[in-house]
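These notes open a run of structures that come right after.
In the two complexes that follow, subunit A is the common piece, with subunit B as its partner first and subunit C second.
Presenting the complex of A and B:
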């Protein structure tokens, strides 16, 4: 048996031990994805029957104004939300990493938004933005900022911003959690050493902490990008995709096609989403040489 | 992706459970508000006792999208259960065209079931599909105009406006007068958010019956003068004349509209009949001050109430079609229809119940409803209606938000709808 460093590598036993997990991965990941890919090659509309059309569903997606709008929104939302979430999350983590009084309490507080189911938190935000009795209008009117209540989600930009706030509020804590774990793995001696070399606090952070956080940040970036790519609940609850479809996400769009009985096109749209998330993941891992550092 | 995952999971579970025995007898699938499902549970139990059969209720959620999804999965995979279910009028085209609904005509013919007491228009437009009888109406819905009787009197509005320009004038007058006393008072509230209700409202503003969205030879004309006039009016109501609140196109669905009117913050409201009972509740600030009327029209047009409601249908894959038909007869019988009306305030699918003494005593407004339902027009009964609706919702809402001009929005919608129609033909 091939032994390196006392760890058994290769050999049939490895497959036996991993078989249950592999089975799980096959049943719940590979099988559904393969199934989606398969049905995306068919025109599968409940009232028309099934017909092999190969790439026609994909071709239709690229000329479908509704899909293009949804795809554009989703990418724009990722571009706006993910950097904000990373920046805010990292800032939270750095603060929480300090020796603050009541540190445990603050850490718990920051995690609360992440712990609330997103459908519930979306409802909470809906109540904040509500035109007639929302908190935002209450504050705006009370403070004299506006004389009339504001229809916060009334324009494409307004609805986008409203969603952005709700999503960043909810997910920045997740980034904070991951980065905090990473921060604690940064050896204190390294920082102390840098101090001895007369580095400022900022320099310590930029030149010592940040490079060591890179793998952790890559993981956070990956998770947040994939998660944002399939954003559904917050949009469904908060704007319903409006106004005028401007905040319809790809997931929401695919959902509507499934409901209408067009399984082939819905599958193709889902597949495109999968390809983008796969591509972005691959890119991130490559760029950060994440695998090499572990 | 999440949907497909659920589907595959459901398929896997179904595959595993295929070997096990199926549950007891007739399965009726229904959802709705908790009090509604309670009434159904009681009905199913009584039906089972009276007929000496086994029957059970498969409980669905309240949300109608989820109810549809819950039927789509077993029907697409040809499951024997549910045997019989309630379906929204807007799904019937898709379900019937998919070959999922048992033709009830032979059963009705064999039993000599009289279809005359049902609304003929509803049966013809919604339940008949390709010469088959796909379903029967249990509950009929149609848009109404609610108005404040006290305010009309106060501002000397002698008759309830029967044209849209008339409603605009009356709204402006009342809004100008009431705003000082009631902050945030608006003339007219209706459903303009990006969802199915917007399409229903649009048909009513268009005042041209089913012509507003009619398909001829698989194509539709949307950028017609009538439709452009309607959409321009809807948009002006929010953005220019401001007789409707700014959140009309972002938040206003049925319940938001009802609450707004019920709080005494609007003179007119477009809603379905269900709002009546809630407006008249003990704790309602507008109790006793509400009237109902047919919706206004444009001069030269007709008053239109978009037809909604729930229908009962039998699955073609049912393993107990005879039993399912018995249940359909039971639910659409005068006695049960009367019970549903009295218990839930539902508007029966049968006309004879509207003239029942007990029903009229409990709901005097039913006498007026019968007349309003005569103006009811259905949404297009094409199998790809939900795709059509999604396109319409997007473009109509875009015009309401001010992002697109009414004519441009309708032209864009027309092009997309016709492309969808060609795709699904």
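Presenting the complex of A and C:
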């Protein structure tokens, strides 16, 4: 309360300076979430009018096979993609951390998949997985891995694999950058000491570096899990959620209801996603010890 | 010594594999965009016909989408950095209760799934008559990228010695003048890399643009390319790859030139402390 009275210098300004940021965040994120929660209690289909149904949309979601399928796909995709991203990202980080010549070039290579819009790179992947003349089938046939071309986006397993490759390709670089920052914080003396003790490179990594990377890897794991939970762009473009809804993520499932004018049910589905995401974000904020030194 | 050579070879092989993995899809994209047929890369010599077709067919609206994207992303980046600078100044320099709360709050907010906002945003923008305008995109984009830019700017501002702006305040500057005349010029490299990151994030955004735009008046390039189906049924892969190449080339150039700044900004936003 003291600050408001102007007792502490700059007290009033501090609020003026923060207000515009908070205004935007409230108007375009917090308020919409509240609006979505409100909508989720209504049956609200364009041209059919609005009717209060309280929790009926949620009850429907739990018995809706489409929602269950979307939720199941999203969890399975997280379980498959996030460990791959972490492993590949860590490998990239280790390579980037070495004093190779052309350091900037290697770093730029890793940045590019991250910097290009997913919707655009997903179209490149769509062509790569094209049945008749895509690169994936060309390589698979040439190398003798398969005798017949693979129907990538037309089969459930093929579509899952195709999405996995496209998503890991896009997001492993981000993990690499986070882990790289962690690697550079590992004291060089520790590694040097282990070297003196005749440890091999692999032993140094496993016994010295990896334990020190644990906090960074935990942050990356949680961040990637939260981000994969809301996966949308690459699924929308590459498989459209097919075949037979087998690769429809929860975000895409909710989007399809919004796009079809069913705001009540779409809101309920996206609130369920929000709740899971909110729990994980809370964990993330707690675990990452942010803002400790302010 | 033998082990060291083996390690070197292994490392170079790893680096080459990494580069191929990251750039491979783009090399393929460029190759197809320059070929006459997507199934026969380079057959009959390379050609710019796909590029000419994309740029020379007004009904594809490629340049409209690209200009919309550039305008929306640039506007969002400038507004975001301005608002985030104000807040970052307050957090690092002024007496205020609940600084940590603001930081934690915006961090949590930035992790929300976009899909849980779009129903409301669509109804809001429809009500305001803003569907298919830049404003409908810029407003939620700014809100969406503010948290990240706040985190990055706080970490840059915190490094500037307090004596600098304290001297300005003693000389009679207002906090606003101290921010614009002292802090921002000193933190300029950090501010620019934050703006660049904001630009890339806005440029990549997909789901808001998908639901809040209806045609070339405001549709952005990711949505335009995602919906690119050609005029005659058969998917014109050569044209799509040419459009993708013209979209990605500027971003690739930006990334290559500013890679150091991007890496610094990203890691500051993601793993501080």
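Rule of thumb we're sticking to: the second predicted complex is superposed on the first by the 232 of 294 C-alpha atoms of A that agree within 3 Å, B and C clash if a C-alpha of one lies under 4 Å from a C-alpha of the other, contacts with A are read in each partner's own complex, and residues count from 1 in each chain.
FYI, a contact is a pair of C-beta atoms (placed from the backbone, for glycine too) under 8 Å apart; a residue touches a chain by one contact, two chains touch by 3 or more.
Just so you know, these numbers come straight off a predicted model, no measurement behind them.
Within the superposed three-chain model, A:146 lies out of touch with both subunit B and subunit C [touch as defined at top].
Once the two complexes are laid over each other on the shared chain, residue contacts for A:155 go to subunit B alone; subunit C is not touched. Judged by the number of subunit A residues each one touches, C leads among subunit B and subunit C.
In the superposed model, A:285 lies in contact with subunit C only, and not with subunit B. Contacts of A:242 after superposition on the shared chain: subunit B is touched, whereas subunit C is not.
Legend: residue contacts after superposition of the two complexes on their common chain; A:274 is shown touching both subunit B and subunit C. In the superposition on chain A, A:46 contacts subunit B only, with no contact to subunit C. By the touch criterion stated above, A:266 is placed in contact with subunit B and with subunit C alike. Once the two complexes are overlaid on the shared chain, A:66 sits against subunit B while remaining clear of subunit C. In the superposition on chain A, contact of A:32 is made with both subunit B and subunit C. In the superposition on chain A, the residues of subunit A contacted by subunit B and by subunit C overlap at 27-28, 31-32, 35-36, 39, 130, 132, 230, 232, 251, 254-255, 258-259, 263, 266-267, 270, 273-274. Listed in rising order, the residues of subunit A touching subunit B in the complex are 27-28, 31-32, 35-36, 39, 45-48, 60, 65-66, 69, 130-132, 149, 151, 153-156, 159, 230, 232, 239-246, 248, 251, 254-263, 266-267, 270, 273-274.
Only residues 3, 7, 11-12, 14-15, 18-19, 21-23, 25-26, 28-29, 32, 38-39, 83-84, 86-87, 89-97, 99-100, 102-109, 111-124, 139-140, 142-144, 146-147, 150-151, 154, 158, 174-176, 200, 203-204, 206-207, 210-211, 221-223, 225-226, 228, 237, 240-241, 244, 247-248, 251-252, 254-256, 259-260, 262-263, 266-267, 270-273 of subunit C touch subunit A when the two sit together in their complex. Every residue of subunit B that touches subunit A in the complex is listed here, in rising order: 1-5, 8-9, 12, 65, 68-69, 72, 75-76, 94, 97-100, 184, 193-195, 245-247, 249-251, 260, 383-384, 386-387, 390-391, 393-395, 397-404, 412, 416, 423-424. Residues 3, 8-11, 13-15, 17-18, 20-22, 24-25, 27-33, 35-36, 39, 91-92, 95, 98, 100, 104-113, 115-125, 127-128, 130, 132-133, 135, 169, 173-174, 177-178, 180-182, 200-201, 216, 219, 223, 226-227, 229-230, 232-233, 236-237, 250-251, 254-255, 258-259, 263, 266-267, 270-271, 273-274, 277-278, 280-282, 284-285, 288-294 of subunit A are the ones that touch subunit C when the two sit in their complex.
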